[in-house]
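Reading through the structure tokens given below for one structure.
Chain lettering (A, B and C) follows the sequence in which the chains are written, and residue indices restart at 1 in each chain.
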Amino acid sequence: MRIGLAVLRNEFLIYFKKWVHIIINIAFFIFSTSLFSLVAGLEQGLLAEWGAGVIWVVALLSMLLAMPLLFQPDREDGTLDLMLLSAMDPAWLALAKAGANWCVFGLPLVLLSPLLGASYGLEGIALVVLPATLALGTPALILLATVAAALTAGLRRGVGLLALLVLPLALPILLFGVRATELAADGFPTAAPLMMLGAFLLLALGLLPWAAGAALRATAN
Amino acid sequence: MLEARGLTIWRGERRLCHDLSFSLASGSLLLLQGRNGSGKTSLLRCLAGLLPLESGTVELNGVAYGRDPARYLRCLGWLGHKDGLKAELSVRRNLAFRLRLAGLAGQAGKEDELLERAGLKGLENRVAAQLSYGQRRRLALAGLIGVAPPLWLLDEPDANLDAQGREWLQRELDSHLDAGGCAVLAGHRMEWRSRGPAPQLILGIA
Amino acid sequence: MRLPNWLHKLASPPHFYRIAARIEPWMLWSGLAAIAVGAFGGLLLAPPDYQQGDAYRIIYFHVPAAYLAMQLYALMAIGSAIGLIWRIKLAYAIAAAAAPVGLAFTGLALATGMLWGKPMWGAYWSWGDARLTSVLVMFFLYLGYMLLHASLEERSTADRAAGILAVVGVVNLPIIKFSVEWWSSLHQGPTISRLAAPAITWDMLWPLLVMVAGAVLFSMAVTLTRARAEVLLRERGARWVQDAVAADA
């Protein structure tokens, strides 16, 4: 686990050197959500109805953009071998990787989402629930992505396959995240879907690093 | 120290070796020789547990990889084809990370000493991407030497090294073997010396 | 945990190859016969439904297809899990053999589901229907398994990697089904008039059961054929394969 923390630290150092990717990710998120609102027209009511769904889907896609960074560079420069050959359990490696990736690419989306939600005409409690769903849902999403990224890390053009593997599995997170925000916008209680998202996150934390570790070992050749 | 019995390794449709057995005592060096594609790297990866064995067992200090991976891995050090350096990070950070992976936390003095030995003094803050290929190889080797595991697995360690670099590597290899370590070295250039007799394994005949 | 001895013996490729070759024709022909009888019974003998008329008859294809889509996914996941835990290569071969068969039945279940949806819901597709949507997700999981398996060059790597995916997917499938159910239960859009499943009478039921049994037998026969081919391909260097091929030729 101590080695896992060293990996986490190293990841942050590398991601800050790759700040361009962070900016690209945020710009993609903002610009794509704006595209949807432009296409949908200027009807405020319609926009508010669609807001949660659009923001969630675009958040999913922008995170997908950064998912190849999880293991592909490490695989190419040989550091993945070194990390797998350290005495640390690969599940910790996957967890550290997921943690750093989320902080850098997931957290900004969570923080930006109220702004974008407001631009879509969401109001009041919905502007709190939307970032809350993203805060609970995106880490689980990244954990799913570590498994898929570990499975496809050795492939030269694995990005498309990575997306194909992640998206179906991410469906529950998306449904609960969007629905919770819609319920909040309509003035209904949202505790139940938020708790479900929390349960998904716990389940993902418990199982997926382990699966990702096994996947890293399986594709290490 | 290293006991391999009845190794059979397949790579896709090809069988790289069949029922291969060898053992390495403390202080000895095993050279792997063979044409390109004869399976030197695959055998090294099998010894490191990165590639599954079709059949056979490998024990390092009496521990099989499958029984206790952490203990097995603590005894071996790896220098692969790729240097395992992060192009974005400085020389010092790369070395420090390598040491941390082995559980050796921040020892600036040790890092300085290693860099000096590797002839990289003065380059501490340079980003690894700006190093020459030879310098990267030296840095990777410095990490391995710093971790100082009992068994070294080296895949063409002299790639990109100049004559001086090769001499330096030979000296480090000697002191590693003298200290009771052992090493498996794959490569084309076979002038590596060891004080004891260097057993040699030629692949590509099996 | 160790596997029982008889399973270990069965898991030896030559043994499996011989046994599978012996039971395969029986499964295939009895399966096809059952499908013929079931189709005759379902399409001609069974009475029309008092609400849906003859439209309901598509269940004689839809239900077996959907059932097999799930069963074959389970087979694929269990085979992968056995391979991952006990390193039995035959289990991987069976998982890899089951995937395309499962994908085909999943596609059939989706197609027949859409055709049935038109008279039932007035539309070919209803996103609010949990079963339809989770079968669609399952379709993509099958596809992901096969594409991942095909993309990784090294067969043993491909087996293990795709196997992990199958296992992660099987844990996820109930969650997906539950999520879509919950989602649609709260949906306030135009209400979907879904007919409550009417009590099915015996003369409607028996062809369905025969159909399901026939489809199971047929799919097992096809999976076994594919598994045998996989085994031959994977063991092509072995002596028994050359003997077996020589004997067949």
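Some observations on this one:
Note that in this section contacts are C-beta pairs under 8 Å (C-beta built on N, C-alpha and C of every residue); 3 or more make two chains touch, one makes a residue touch a chain.
Since this is a predicted model, take the numbers as computed values, not measurements.
On a Cα centroid basis, the chain most remote from subunit C in this structure is B. A summary of chain positions shows that the Cα centroid lying nearest the centre of all protein Cα atoms is that of chain A. If you average the CA atoms of subunit B and of subunit C, the two centres end up 47 Å from each other. Between the CA-based centres of subunit A and subunit B the separation comes to 37 Å, rounded to the whole angstrom. For this pair, subunit A with subunit C, the centres built from the Cα atoms lie 32 Å apart.
The set of subunit C residues that touch two or more partner chains comprises 154. Counting partners per residue, subunit A has 221 as the residues that reach two or more other chains.
Within the complex, the subunit A residues that touch subunit B are 2-3, 6-7, 10, 13-14, 17-18, 76-79, 81-89, 220-221. Across the interface of their complex, subunit A is touched by residues 45, 48-51, 69-71, 73-74, 76, 78, 80-89, 93, 97-98, 100-103, 105 of subunit B. Of all residues in subunit C, only 153-156, 236-237 touch subunit B in the complex they form. Residues 10-13, 15, 52 of subunit B are the ones touching subunit C in the complex. Partner subunit A is touched in their complex by these residues of subunit C: 84, 137, 140-141, 143-144, 147-148, 151-152, 154, 157, 160-161, 163-165, 167-169, 171-172, 175-176, 178-180, 182-183, 186.
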